[in-house]
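The structure appears below as structure tokens.
Labels run A, B, C and D following the written order; every chain starts at residue 1.
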Amino acid sequence: MPTTFYNSIAGRNLHRLEALSDGVFAIAMTLLVLDLRVPAAEAIHDERGLAHALGALAPSLLTYLMSFLTLGIFWVGQQTQHEHLARGDRAYAWLNIAFLMAVTLVPFSTSLLAAFIAYRIALLLYWANILLLGLLIGAILYRAETFGLMKADVPKDYRAALIRRVVIAQMLYAFGAALCVFSNWWSIGFIVAVQLVYAIGPRMKPFSWL
Amino acid sequence: MPTTFYNSIAGRNLHRLEALSDGVFAIAMTLLVLDLRVPAAEAIHDERGLAHALGALAPSLLTYLMSFLTLGIFWVGQQTQHEHLARGDRAYAWLNIAFLMAVTLVPFSTSLLAAFIAYRIALLLYWANILLLGLLIGAILYRAETFGLMKADVPKDYRAALIRRVVIAQMLYAFGAALCVFSNWWSIGFIVAVQLVYAIGPRMKPFSWL
Amino acid sequence: MPTTFYNSIAGRNLHRLEALSDGVFAIAMTLLVLDLRVPAAEAIHDERGLAHALGALAPSLLTYLMSFLTLGIFWVGQQTQHEHLARGDRAYAWLNIAFLMAVTLVPFSTSLLAAFIAYRIALLLYWANILLLGLLIGAILYRAETFGLMKADVPKDYRAALIRRVVIAQMLYAFGAALCVFSNWWSIGFIVAVQLVYAIGPRMKPFSWL
Amino acid sequence: MPTTFYNSIAGRNLHRLEALSDGVFAIAMTLLVLDLRVPAAEAIHDERGLAHALGALAPSLLTYLMSFLTLGIFWVGQQTQHEHLARGDRAYAWLNIAFLMAVTLVPFSTSLLAAFIAYRIALLLYWANILLLGLLIGAILYRAETFGLMKADVPKDYRAALIRRVVIAQMLYAFGAALCVFSNWWSIGFIVAVQLVYAIGPRMKPFSWL
């Protein structure tokens, strides 16, 4: 009788993986708000002073919005892929854990960008975080496909739609990041615009092809 | 054969949406407590000093209570709507994500109000946060109704009850916020009173009509 | 046809309530660790210095352990009651939300006690937090019983066991808190000992009667 | 009729235990990122300065990665064991709560090691945390086996695989920790290497025997 290896029986529970994922996304989303720091009370003496101090939070509010959209988009993406799975395996679980690690990095790269919003390094690290999310969600899909983890009745063009979405989105993000040669504000504006299209999902061409 | 678009297959899992929502609400509720700051040990030399320092937390405790009630009310509201759904779609998921974004803002607007409890801007921003929650929960309900996402057997007057609740509550909150022309304390007192009525749910008129 | 009131259809989903509860407990448990502050690197120059600084964390470690046990005990208690429910209602949901509010206060009262471990006020506030948890878990049970929310096949003596547990535990906690007239250390030692008995659950008399 | 004791009916719900576990793991994983502190803006004047400051985060990034792997490995392990359970009991629940306590300690021992990466005490405390996780996951398995909580159809060699995994892993971690007599960097390098083998799970000997 062959020996049973731990690896062949580990990490197969899809429901637990969903619960861990939803937990990590929920916490990462909520931690983002910690970047919105309440102004120090000592420096503020009247309504005008408070209004001024709140105005200074605008860049943080922008990066907060961008990161919330980033997390929302990848949460919807992971959920949409995951739903078509018939079963899990150890490598699928670990690719998802790696993906969740990239998710937990988002609050850090967001804080960094909020604090150094005019610095190219901060913007490129933010983009690297999005790229890592994209590569890992792609790897998860690849694993699910090539190891027969998906339900038998998932139509072929579903898979094509999932892959197309990841590739096009990453091309747009890379283009957005490249715009930092002009200014970080161009990059951020472009990325937020792309994300809003993904979130709102307009039904007219060319957007419906994204 | 028509191409399948990502948007037509994305974000349909209602259970995942519930798990994300419960996670975000749970974290936002728990983060509120971070506003209750333990007094600095250096400044305190005896029991009387500690009692005095704890007394200074009273405004924070009040805003903590108010925000916990806010989150509780909207959690019960979202759950009550959501329960009658037969299926989800992408736009429904994204409206919920936007709603959760407004939820994660509550710890920020609460901290702001606790730190600047006599400032009208802080109070109006807090109210704007409640208004945003109300608009989004209304939008979620509207989407569910107009796109046929609700179960067929939900009686018409259930929907009426859900809409009436959101509209009346927002009118009361707006009235409460307007009381800040007299004093923020009037506003906060009125809003907490309204929330306690919603939480306790007395069975006598006129409260049962709310 | 009578009007349907929101209150009669709200907050009935038991599964959502479980998910929110587990989330709040999980976060409150994890936030406790933030009281264990890593010593400041500037003040430490060798292994001996680090060992000394870590030794100074002992009171925080003790209150951390005590609060983890507190939360564990109430989580097991709430779960054990909740499991016997056939259905929920609005008041049941709100009593649970109030209970969760008391749960989120635990990290605060723990931090306070860790910072002021020799102060009677800090100890009594900690005890007041436990008392509030006990009163609310009792109120939840009372609601479930008197409004017929429990499954029909729950034996009568189950309910007796649940009530007896809450009452005896609160009497022991109150006695423990009263020991602070001698010293807070007596109180903390007694409460931790009681909690360990509840956690370990020895099968010999008199412990099995607790 | 014999009295029903609370202990005989408490803490039996396996689903609640999973939800609490997934919550605690998700939060502990996400809290790790708080060690990656955004450099202070005042000290940084150009891209080069930011790059330099980010380079100083390398040790924190390493301990972050190591702890994420630690938590991932124990999450997969607990899930794999738990999945084979037919029912729970009070002691099983409490052993899991103790295990979750050790999980919540990981962000602390990680922060400590990141701040004092060259200190042997910090490394040994980190290892003690891993050892505690190992002892408790072993105790959970032991309880499940000896009290007949596992499903009847779990093959004998599954259990052997689960035990072998825990024992071998702990031996490797202990060896890694012992390497600190040479240098903490040897220890950390060895432990991360072991963890990557567990995460990647190569299918060739000798790795498949681990």
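Criterion: contacts are C-beta pairs under 8 Å (C-beta built on N, C-alpha and C of every residue); 3 or more make two chains touch, one makes a residue touch a chain.
Small disclaimer: the values here were computed from a predicted structure and weren't measured.
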For the copies subunit A and subunit D, the interface residues, called same if over half of the numbers are used by both and different if under half, are different
Greatest Cα-centre separation from subunit D belongs to chain B
Chain centres from averaged Cα atoms put subunit A and subunit C apart, in whole Å, by 35
Per the C-alpha means, the centres of subunit A and subunit B lie apart by a whole-Å value of 25
Residues of subunit C that touch at least two other chains are 19, 23, 26-27
Contacts from subunit C onto subunit B in the complex sit at residues 1, 3-7, 9-13, 16, 19-20, 23-24, 26-28, 31, 90-91, 93-94, 97-98, 100-101, 104-105, 107-108, 111-112, 115-116, 119-122, 125
Interface with subunit C, subunit B side, in the complex: residues 18-19, 22-23, 25-27, 29-30, 32-33, 36, 38-39, 41, 44, 47, 50-51, 54, 65, 68, 72, 75-77, 79-80, 83, 155, 157-158, 160-162, 164-165, 199-201, 203, 208-210
